[in-house]
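The next block holds one structure in the form of structure tokens; read it before the comments.
Going by the order they are written in, the chains are A, B, C and D; count residues from 1 in each one.
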Amino acid sequence: MEMLIGGKKCPAAGGEVLNAINPATGEVIGTFPSAGKEDVERCLTLARQGAERWGAMSMDARTAVLENVPRVFEAHRDELCALLCAEMGKPIRQCGEDLDVTVEIFKNLCEEARHLAGSSFMDLSAAGCMGDVQFTRYEPLGVVACIAPFNFPFDTLTQKVAAALVMGNSVVIKPPTDVTLSLIRYTELLIEAGVPGDVAQIVTGHGADVGDMVVRSEKVDAISFTGSTEVGIEICRNSALYLHRMIMELGGNDPFVIFGDADLDHAVQECWMRLRNCGQTCCASKRYIVHNSVKNAFAEKLVQWLTGFKTGDPADPATDVGTLINERAAKEVEEQIAHTVRQGAKLLCGGERKGAFLTPAVLVDVTPDMDVAKDMEIFGPVFPIIGFDTEEEALALANQTSYGLNAGCMSGDMIRALRVASKLQAGTVVLNGCSTWRGPEIPFGGYKMSGLGREGGRYSLLTMSQEKTVAIRYVR
Amino acid sequence: MEMLIGGKKCPAAGGEVLNAINPATGEVIGTFPSAGKEDVERCLTLARQGAERWGAMSMDARTAVLENVPRVFEAHRDELCALLCAEMGKPIRQCGEDLDVTVEIFKNLCEEARHLAGSSFMDLSAAGCMGDVQFTRYEPLGVVACIAPFNFPFDTLTQKVAAALVMGNSVVIKPPTDVTLSLIRYTELLIEAGVPGDVAQIVTGHGADVGDMVVRSEKVDAISFTGSTEVGIEICRNSALYLHRMIMELGGNDPFVIFGDADLDHAVQECWMRLRNCGQTCCASKRYIVHNSVKNAFAEKLVQWLTGFKTGDPADPATDVGTLINERAAKEVEEQIAHTVRQGAKLLCGGERKGAFLTPAVLVDVTPDMDVAKDMEIFGPVFPIIGFDTEEEALALANQTSYGLNAGCMSGDMIRALRVASKLQAGTVVLNGCSTWRGPEIPFGGYKMSGLGREGGRYSLLTMSQEKTVAIRYVR
Amino acid sequence: MEMLIGGKKCPAAGGEVLNAINPATGEVIGTFPSAGKEDVERCLTLARQGAERWGAMSMDARTAVLENVPRVFEAHRDELCALLCAEMGKPIRQCGEDLDVTVEIFKNLCEEARHLAGSSFMDLSAAGCMGDVQFTRYEPLGVVACIAPFNFPFDTLTQKVAAALVMGNSVVIKPPTDVTLSLIRYTELLIEAGVPGDVAQIVTGHGADVGDMVVRSEKVDAISFTGSTEVGIEICRNSALYLHRMIMELGGNDPFVIFGDADLDHAVQECWMRLRNCGQTCCASKRYIVHNSVKNAFAEKLVQWLTGFKTGDPADPATDVGTLINERAAKEVEEQIAHTVRQGAKLLCGGERKGAFLTPAVLVDVTPDMDVAKDMEIFGPVFPIIGFDTEEEALALANQTSYGLNAGCMSGDMIRALRVASKLQAGTVVLNGCSTWRGPEIPFGGYKMSGLGREGGRYSLLTMSQEKTVAIRYVR
Amino acid sequence: MEMLIGGKKCPAAGGEVLNAINPATGEVIGTFPSAGKEDVERCLTLARQGAERWGAMSMDARTAVLENVPRVFEAHRDELCALLCAEMGKPIRQCGEDLDVTVEIFKNLCEEARHLAGSSFMDLSAAGCMGDVQFTRYEPLGVVACIAPFNFPFDTLTQKVAAALVMGNSVVIKPPTDVTLSLIRYTELLIEAGVPGDVAQIVTGHGADVGDMVVRSEKVDAISFTGSTEVGIEICRNSALYLHRMIMELGGNDPFVIFGDADLDHAVQECWMRLRNCGQTCCASKRYIVHNSVKNAFAEKLVQWLTGFKTGDPADPATDVGTLINERAAKEVEEQIAHTVRQGAKLLCGGERKGAFLTPAVLVDVTPDMDVAKDMEIFGPVFPIIGFDTEEEALALANQTSYGLNAGCMSGDMIRALRVASKLQAGTVVLNGCSTWRGPEIPFGGYKMSGLGREGGRYSLLTMSQEKTVAIRYVR
């Protein structure tokens, strides 16, 4: 496939290509350009032009175009799912779910933008300003670089792209190396739906290199990034010179606190969110902080429950667990399990790797001092169980990490749950469930090193615009 | 005492006066004018003038005046409490609590008004309106008639008066007949604090007569009423010709649903809100809907707990329960208890009347078909207990009334509590407590026949103003 | 045609019918039932059932149904326009414009409802409430009676119906007698789109009689009425007993203030909004308050400009001005012109009636004391011009009416215009244009006797719901 | 004077001090510690402890303390003004004005925080989430480093400090080197008012060094900086590793666009905002873009008007123009004038330097290509006048800078002004006045390289807190 620059499919100026590989089979399923500085510069120059025209259109005119996008995505549902499944080893059924969410996000953001109001401030100010008219309006930022992660490429990207487009910005998409083809196709469909070619573009290549070229540019006004904390920090550093507006959704090591009076069967069912997408979810519960009185019972139920899922060919609709994003990722998870076992934990089941496949693993006897109980985020289907005795201990454990994305808590006593919610250091606290929840309207984003800013509904729109104040003075 | 019209103390034009009586002693403690049509008309004419100047001042200028009011109230704390206690038989300690709340409400509403923002709408509209500037601003209504109830005269009136004044309206206060002196003094202090004499006025007399004269006037722009549903309906009917803006806080027969897994000791402690002010609270819990498994235990604990309170001289700081507002009211409650007993209920304790005093009563064996379980609101310290078996039954019982003010629910299972909350027909649903809660910021007001509109913080400000849209068109 | 009760077409129980008449031709174009008490009661009983099920559905489930409505309306565009044109004599081109607006309103309200957020209040309150969780949610009202006016029946009704439905209420439509067939068809299409038969119903007959039966019912929870101030007052009076929630959009006698430095050609073009729909628009500019220095020039340009429009057969796409709603209405306007001439005004052109047709009339030498300059609203294509010298005079003239719907102002000096805007007593003040503007998002509604409450976008949704507070206490 | 660490006055661990110098006289007026790494670390460690306790208090408890601050500031008004005047050469009268604004900001932010509401989201989400309870609450960030500029040290710092404190954070103040004594005193008064010693601290020294130590720390959660774009970029770069929350108010080169139909006398009076504080104002108008038809007239009036001001001893209440912040700053402005003259501009008057004093200068014949017309911000009393012919030219000139703080525009035609407002690239656009306006409620902050984020009223509170979402799931 080719990049999309100025609405045209084009190779890299230097002609280089990279291979897209199916992680389940190891087969090369296509190629994509490896862009150089020249390609990126050309793309960004066009993006500035696009931003100017697109941003000057009325909200009505823009949404008239953007309302086509959900329809076009749905019309290509099977094709998009098959491509995503092949490129990342995600079970085909889950690919379909992702697409549904993607369509819904696109629709929701366009709807919401059409009804966004600014503020008006009158007669509230210091003496002498009686009568002044002051109001605000939301204006586009200009060119927004959208840097997507590999795990939920369509929906995560859409949170950025739909919000950026509807608020009048042009977007330059930088896909993750491993899911480039799917996002090229995504961009093609945006253009098929009517988005101008200089308003939605994609540049491909080695993720880090292309990302860096995009970030280090004064032609860019804002960067919306979802990915690891390490890369997020690097982007912030490289962006400083340009004072880009930033939205960062980074890593997490979410706690799931289960009290002794919780419904254990319900708690185990919530573990599906850790299995889904082979554990590669930013807000999956990654640390199971379980009261000592039910710790063993929970572990047993969990191990038993895990036997009910089918690992295997991602393209098979019956498959529940596919591959990790690539073999290297699977090896890393394998090593993280081994490391934790070396630190004293016990592997109750799973953890066997075959290529990019890895069976779900349960780790018990995990203690607070182990890396996995603190900042070692495992991006795979692993369930480390850590016991606690008191509410204070549970909170200390949950908060002893530099991350602060989501957190989950289950307890029969909801007053306790609400008290715990107020003390958990996390952007989203889920009660009566695991941490994995990102509703379409709620603000989503991290405390501490898990990110900067919030996405979701109105919050996404605000990050993709700037508020201008207009003051008409001396009205008297 | 005299009325305050145009900032001056004045008698009724006809010279008539009425007596103010201490319900605990039966003594006459003062007199107040019985206003006629002429007095009311003069007051309203001045109120229109006052509204014009006051409403044209900046928010800063108005709050510079109004910020004195809490200070003046506090400086007269002892005097106000003693007067209130004497006039309504409310225990002196509770009079102090009311004054604290009053001061806090006044302060909060002024604070909040200084930061109230309107909305701005831009470029969101149909084709052709690109560029239009549209914003809103809050403007005063004009003259607001504030008709206060007797039970919490200072705080309830302040919710109206402070909001009306800070938003630029003039107010005409119509006190309840039984608590006229206290509110005359309240109005005097407003003026002492610097509120212009044509901006805050009080007209006194027979409540129904004076109220009616105020309501039937085209010089009034809005009516804020707290009182009974019957009188509320009458006001609505008489206001129709003038299309007055209306805010109505009316009666209630609040349910307090106690499930079998609730903390009964906590539930009993919550019953204080039914004892306080001798049960004369609009959002007191008036129907105790208790699971059959704990019904008897609850009744026993309640009877025992009631022995811990001191009934007697309202002026004694140790007193917990004073008189009802007057002997007639006490007789009515006595009759309502007798009526319920005639319908088959059993009086477990209390219910003995002496003048305006009445001992707290617990009624058991109350069944769903009795009047007290439906629309017979008892405005006194009475606890009717109704049993239930299932959640559905409890909901049916709670909702089988034409009222819908507040509701309370206690259950150890908060998911159940939240589910019940979504089905209770009430303006405010309190979980983990009785129904009596009216936080300073939250919207407070009734579903069904319990009222129209909401008061509280920002909501009070909105009811006391009108939103004007300004559209500047053809900006292109 | 028949009524729609419980999703079924049905005649009046008593069998009576009324004739629908084409005002341009006098021909009977159909009949409709004249409902009696029995019909209305049956309809309202079903409406309560409908409200219960519909209100318990999720917003997603409801909007999945309601999103069909715009499509169905558009699919029947020609049919609806032809029917509306025949029934009310509105030029066919304007019927099409009305339908476009109708579709847009329906779409907008559904969109906006999906993103409506409540408030959450935490830790803000008095000591002791630290930790309390308090939030609000919007809940349906129940059964909403939607009483539509004849002038813009589709769009005005949709402001009510779409908002009521999307917020979970059932609606009972009471059409204006003269435009009953069109609204029966409208209701049929709602049901065709999937709205349950007990959720959208229509009862027909003599407007006043049927309206009265609907209003005087405890089965109704809210009334949304657009129509005359007189009828509005009557409804308020009859509703009092039931404390129905009320939204009233009533009459207006909108001023259009034109200063000496205004662009007169632009001002004349704005007069189209007074010609459109034959002057039968609630927020048309009905009093032309023109600076004496340009008064004559404005009148001349206006008379000249009026020669450019085609009066005649409403079904002809070239027609600009059709009939009034019926001959009686045309006669009333004729008489209002004559009355004004008798009071001393001069008729510069127009005012000739033929059946329900009336040629546009310009009245000059109108003085401040004439009825037309105050509260005599003319619902027809009449332009009374009143001169003024100073800004104060203009404001006094503009505000010397008991109405306060919209107002328009044109001046080259926008600081003056903004100053005037702050002093005009009107719900919406339009600058740089005539008063006729009701953008899709802005609050629309009257000051003074022009109404109660606001409609439009978010405001419509709020009028069609009630806010419930949930407080979870003692979280500590 | 000493630093304030942990509530105690203390010298630098290394014992080093720096001199504070009066720029008007060159005299040393005091000394202050030059903090080292050890001091800063100790301060930040205490700040973390302070944040924990302070953030766990209720809003009521915090504001009970903070409400003392305005009183304490006012009680020390004369002392604070004299110190500020001596330390920065600002005319004493303007010092008083700054203090008034400071007190007002403190009061406003505390007021507003007490009424800040979060959002609640219910039943809006995808199928399956019906009944979920979702709400947000604002929580403190932790430790906020407040880095203040020298020009309006009290008010600018208060925008940060008051917002941070009221939202529950602890603050570490880093003063500008030249105004250290005043801010030490400011901090002492915070503590005198009751703010705990580990909640408000100040570390002093060479600005760049101390600032850098504060920024490069994981103990800090957020940085609020007002200062130059260069330093802002440096802070962003050094903060990247810690992902500090950032608010940046940076430089500006604000345009003031004056059309041919503007009121020139009013325009000239607006120039006071460029003279005030000797031109050292971030949002002063620094580029006078004047229509060619009135350019000369404006320049003449301006030169004439400038003769009416008194330059001299800052401590004299009659003085209008004092010194620049120090002699080096005055020399830099002198050189910037000379540079512009070398580029072809003509100096009409002023520009004479004597120590830190500099007479107000008017530059004409400034052309679009000169540095002063683009990104050379002059922080002194200099008026460069640039002519234009068309609206497009004016906009191009105004926007041809990498800055985008404020902008001003005057025109008799407000439709033009509003059109221009929508195209000016600036955070705040002032119409009918110069660019210098920062009302107490409005969002204030820059487009492009003028900053990140917004301050002012509610916006300040939001930057000083993080929004947590709490979701209670499976309520059904």
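Just so we're on the same page, a residue touches a chain if its C-beta (ideal position, glycine included) is under 8 Å from a C-beta of that chain, and two chains touch if they have at least 3 such contacts.
The shown structure was predicted, so the numbers you read here are calculated from the model rather than taken from an experiment.
K.L.:
I want to compare two interfaces, A-C and A-D. Which one has more contacting C-beta pairs?
P.N.:
A-D
K.L.:
If we define chain centres by averaging CA atoms, which chain lands farthest from chain A? Would you check?
P.N.:
Result for the farthest chain: B.
K.L.:
Centroid from C-alpha atoms only, then distance chain C to chain D, rounded to Å. What do you get?
P.N.:
49
K.L.:
Suppose each chain is reduced to the average of its Cα coordinates; what separation in Å results between chain A and chain C?
P.N.:
Those two chain centres are 46 Å apart.
K.L.:
Based only on mean CA positions, could you tell me how far chain A sits from chain D in angstrom?
P.N.:
Chain centres of chain A and chain D, defined by C-alpha means, are spaced 35 Å apart.
K.L.:
Residues of chain D that touch two or more other chains: which are they?
P.N.:
In chain D, 114-115, 117, 121, 124-126, 129, 133, 136-137, 414-415, 417-418, 422, 432, 441, 470, 472, 474-475 touch at least two other chains.
K.L.:
Tell me, which parts of chain D touch chain A in their complex?
P.N.:
Contact set of chain D toward chain A: 101, 104, 121, 124-126, 129, 132, 134, 136-137, 229, 232-234, 236-237, 239-241, 243, 245-246, 248, 250, 266, 414, 417-418, 421-422, 426-433, 437, 439-444, 447-449, 451-452, 454, 466-475.
K.L.:
Inside the complex, what are the residues of chain C that reach chain D?
P.N.:
Per the touch definition, chain C meets chain D at residues 58-61, 114-127, 129-130, 133, 135-138, 412-415, 417-418, 432, 470.
K.L.:
With touch defined as at the start, can you tell me which chain D residues reach chain B in the complex?
P.N.:
108, 111-112, 114-115, 117, 131, 133, 414-415, 418-419, 422, 441, 457-458, 472, 474-476
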